[in-house]
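Next up, some structures in structure tokens.
Next come two complexes built around chain A: one with chain B, the other with chain C.
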Partner chain A sequence: MTREQRIAYVCILPSVVLVTAVIFYPVIKTFINAFYALDLYGNMEHFAGFENFRRLFKEDIFIRVLLNTLFWTFGMVAVTILISLILALVLNLRFCGRKFSRAVLLLPWAASLMISALLWRWLFNGDYGMVNRLLRDLGLINHTVHWLSTPKLAFPSMIFVGTIVSIPFDTITLLAGLQSIPQELYEASKVDGANKATTLTRIVLPLLKPVFFIVTTLEIIYTFNSFPIIWIMTRGEPANQTDTIITYLYKKAFLYQDFGIASALSVFIFLFLLLFSVIYARILYRE
Partner chain B sequence: MNLRIEKCVDRLLIYAVVVPVVLVILFPFFVMLCTSLKAESEIFVSPPAWFPRKPVFKNYADIWRYVRLADYFKNSGIYAVGTTVLAVCVSIPAAYATARIRFRGRMVFLFLILVTQMFSPIVVIISLYKMMAVYHSLNTYRSIIVTYAAFNQAFAIWLLTGYFSTIPRDIEEAAMIDGCSRFSAVFRVLIPLARPGIVATVIFVFIWAWNEFLIVLTFISTDRLWPLTLGVYGFVGKYRVLWHYLMAVSLLTTLPVVALFLIIEKELVSGLTAGAIK
Partner chain C sequence: MKPRVLIMSIVLLLLFSTAVAFGASKKEKKVKVRFMAALYSEATTPFWNDVIAAFEKEYPNIEIELDVVHWDNVYQKTTTLISAKQEPDILNTDTILVQYAAGGLLEPLDGYMSAEFKDQFIPSMLKSGLYDGKIQALPYISSVRALFYNMDVLEKANVKPPKNWDELVRVAKAINNPPDFYAFGMPIENFEGQAYISYFLWAAGGEWVDANGKCIVNSEAGLRALNFAKDLVQKHKVVYPPWSTMNRDETQKAMTAGKVGMLMTASFFPAVAKADNPNFRLGAVPIPGDKEQYNLGVVDSLMIFKRSKCKKEAFEFLKYYYRDQWHKRVCLEEGVLPVTKTVSKSLESDPGLGPFIKMLPQARFYPLHPKWEPMVLEVIKAWQVAILGEKDAKKALDDAAEKINNEIIKK
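After this line comes the complex of A and B, so read on.
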């Protein structure tokens, strides 16, 4: 081993230790726990094979929670990415008020998720919230809507909030991607007589593809993992109707202290995330 | 003439997209401000009024007594500064090694670091909670700072490696030929040149730590050690949510970060492009 190499290993050592202790070791520990019967404090009792998983799949609510998770993740990502893309394309143009709108766009990013969630919980309040007041003033509703206590409405309401808080990061990253497209390409296509639509579909979007893929994958992962919005706005209630797999896991572990099922759920989540990390890494390294 | 009409239509389309988004984003902050200035008697009125009858600025003085707001600010500061210092001190050497030295296992290291970015704290929270209990670290500053720093390694190393790679290595080599040690070449040449990248990293990590919720909710139960996020959340658990106080506290919590964001908007964008995209 050369001196160079030794220096490199010494340099990465603190980081490796930190990440191993706080992330990799607990991940492995959780995997092992998922195959053991655990007591109320999370201590191992005896090897249980797939018992925890069997108990998990037998729960009536589990399918509901899985469907919610898919709806939450893919519904929100589709809406967010579409809006962010349009917004990025527009903000890349010159117009009066561009600087102001870009500054406004940063606001939901700066406010923490939990503050945004609390704020919207107040806004969506049936009796005292401003959303109902606004819709009534605009003549769109004429009765009180209980946004968060009606399961059918609670989920779309929370997706709406999730979309608003995710738009800033996505838009700004896509905007950065747009700005890295050389100006000459636009001019060349203009000289060649391409109209705006052709320039967009043939030049801008293909060149934006790598950034677009990365943003989408990151967004899927962030959304899937999202905890504060649901936890604060509905806590997954009423009757687990608005739980995703993430809030359900947290309840299982820290409310019901069923660490066996919680560990099995962690393994489930881990596998999903691993799948996406591999896709993400492959995209990243191909570029 | 035709061109003018086209230009007009373009303008209209632009504002048709931008104006609704801006309004939807500003709406909650507007309500936040109005609610924070209402009197308690105006909070639970249905339908609610848009503006306070008479702005009650006293709310902003009262909240410091109603909750331990000063403590929460202090704790948030300790968590965020501690995390930033630890995360940056650990990630700078790692990023230096990956950007400058072709060592065996470099790709494995980068891949593992990237993988950690994908794992949300939720996957490890149960085991980590047990570990912290075993080491008597629940309800301590260190449990939070160490955990936060670990979850920020991926991002920090990725961003810094990107920045270090944009700086020509000849500059450091020249300094080393002139008699600088490797260590002082890094400290006197590389780090000053990479300042924008380091600043971007510091800010991102700081804001992440300032706003984190799940880990701190799990590890910290004594309200003496709560950061602002938990302090604000604590309002909801009380018998009756005093929304005017809650909104005032939220506004005070958000303001420093918004100010920071507006000041560094440029670095934010260029930091993202250099580190995360390339």
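After this line comes the complex of A and C, so read on.
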């Protein structure tokens, strides 16, 4: 080892210690906990094998929560990515006020997620909320809609909020991807007589694929793990009907104080997301 | 040269910080008592700060470290602290104390109390902290529940406040005017759904648990209670629609804003309502009964953890709080009811609190059950799915009772 290498090791040591302590240790501990009976405060009692998992899969609400999570994740990501892609394509064009539009787009991202969620909770309030007021003034509804108390409406409402707050990041990232496509390719395709649609499908989208992949994966993982919007707007209620797996996990741990099931559920989520990332990467990079 | 400088500076930094620590520990000889209090209102923090300042003046060797935590986070924070063996010395919270007592986490206080100290409490209040034959916690404050109504609305409809279930339905129908105004608020959700379930369950003659601690909310009376609540929502359509998501406090706000006509809630509601809307005319009658007439009383508690290293000092602080001056002040500021005889007597003629103090003797309390919290969450869920029509009422209650008795209590 040269002197320089030694210094390098010394320098990264604090980060290694920190990452081990705050990331690896909890993950490993959770995996171990999942196979133990735990008391009300999360201390180990005795080895329990797959008992926690058996109890988890026996929960009558588990399938419902899982389906909610898939609806929440894929519903939101599909809508967000589609809108972001269109916005990115528009913002990539040259037009007057482009810089201004890009700045405005970033604004929702600057607000903290908690504050956005709280604001939207009030906007969706049945009695005083601006959403009802607006729809009533436009003549679209003629009675009070209690958006967040009706399970069938609560989820779409929250997906709407999630979409609004996710668009800026996705759009900016996709826009960066678009701008990295060399200008010559556009010119060449024009010379060869490609129309706009062909340019889009043959040049732009294929070259955007790596960025598109990263944005979608990140977005799916973020959304899957997203907690604040649901927790602040409905707390997963009524009767777990708007719970996703993450809010359910939190409830199991801190409301029911059942750390055994909560650990089993964490392991389940970890493996699920890992599996998903591997499959997704395989499909995208098959060629 | 450079790494040496770096290492030297790290060593110096470490030396310096230990020196600071030494200096600090030498100067400090006070006993530090950590106290976690629940946030009741904006008056809570200033109140405790005043108590602590006066206490520390009288006991210069004790320092109280106050941590006021929002009710939403009290359980979570305590659980986390207990699992890390970092719990505070004194905790102010509610019925969860049974769980801690059952887990052997609390210091029984019998040995600390003189006969005279013990005698100052209203006996039923002191009993609320009794578990396993020992006093595990002291009552902090209490409240009773009543049916509150919008006086203007009832007068306009020319109806009297209801005394029983039949009258409740009749009055509700008379004043109901959806979608802008609903007759009845019934927040059955995780925050305090157990209170609303108790109002109906007890009135129908039902119980949460039997003498052996088995959950019996699926009894015939339990089913009748649930069906009554369900009819209010589905058949009579008199219940404020966000009943399953809006909590008690938010529903109180809806009532003072003139969206809800009647609401069963705690005796501190008038104080809150006055702050929200000074012109609001609020009336109160005992909770309507059916087969039985009961009133729900709730006692919040103060407890000392067994692992605390300064239990004696912590108890001194609790003793200090029960001086009339402080206990009375908290009752008046938070609109809650007293737990000591002298303060109770002195507030009997208070126009705000007096009527509720008179209701206290008929009050019933939640059962002291070590699995109370998870039990309540299951039963709330069962009521919600039944009222929403997702599941048959009988089946929902049976499933919940089975899960509570076979999984939650046994575990």
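Going forward, the second predicted complex is superposed on the first by the 268 of 287 C-alpha atoms of A that agree within 3 Å, B and C clash if a C-alpha of one lies under 4 Å from a C-alpha of the other, contacts with A are read in each partner's own complex, and residues count from 1 in each chain.
Rule of thumb we're sticking to: a residue touches a chain if its C-beta (ideal position, glycine included) is under 8 Å from a C-beta of that chain, and two chains touch if they have at least 3 such contacts.
Note that this is a predicted model, so its numbers are computed, not measured.
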Check your understanding: Touching A:G42, do we find chain B (first), chain C (second), both, or neither?
Key -> both
Practice item. Considering only touches as defined above, state whether A:A239 meets chain B (first), chain C (second), both or neither. Key: second
Review point. Now for A:H143: first (chain B), second (chain C), both, or neither, which partner does it touch?
Key: second
Exercise for review: Scan A:A188 for contacts with chain B and chain C and give back first, second, both or neither.
Suggested key: neither
**Study point:** First (chain B), second (chain C), both or neither touched by A:F254
**Key:** both
Exercise for review: Considering only touches as defined above, state whether A:G177 meets chain B (first), chain C (second), both or neither.
Suggested key: first
Check your understanding: Thinking of the overlay built on chain A, is A:V27 touched by chain B (first), by chain C (second), by both, or by neither?
Key -> first
Review point. After superposition on the shared chain, which partner residues are touched by A:L70: those of chain B (first), chain C (second), both, or neither?
Key: neither
Check your understanding: Quick one: chain B or chain C, who's touching more of chain A?
Key -> B
Check your understanding: Counting only touches as set out at the top, which of chain B and chain C does A:I7 meet: first, second, both, neither?
Key -> both
Practice item. Residue by residue on chain A, keep only those touching chain B in one complex and chain C in the other, then list them. Key: 7, 10, 42, 127-128, 144, 254
Point to revise | Contact footprint of chain A on chain B as seen in their complex | key: 10-11, 14-15, 17-18, 21-22, 24-29, 31-32, 35, 43-48, 50, 89-91, 93-94, 96-98, 101, 103-104, 106, 109, 111-120, 122-131, 146-147, 149-151, 153, 157, 182, 207, 210-214, 218, 229, 232-233, 235-236, 243, 246-247, 250, 253-254, 257-258, 260-262, 265, 268-270, 272-273, 276-277
Check your understanding: Mind pulling up the chain A residues that touch chain C in the complex?
Key -> 7, 10, 39-43, 55, 60, 126-128, 143-144, 146, 148-151, 154, 234-235, 237-241, 254-258
Review point. For the complex, which residues does chain C have touching chain A?
Key: 3, 75-76, 79, 82-83, 99, 103, 179-180, 189-190, 241-246, 254, 257, 259, 373-374, 377, 381, 384-385, 388, 390, 399, 407
**Study point:** Sites on chain A touched by chain B in the complex
**Key:** 4-5, 7-12, 14-16, 18-19, 21-27, 29-30, 33, 42, 83, 86-87, 90-91, 93, 95, 97, 100-116, 118-120, 122-123, 127-130, 132-134, 136, 144, 164, 167, 172-173, 175-177, 179-180, 211, 214, 221, 225, 227-228, 232, 246, 249-250, 253-254, 259, 262-263, 266, 269-270, 273-274, 276-277, 280-281, 284
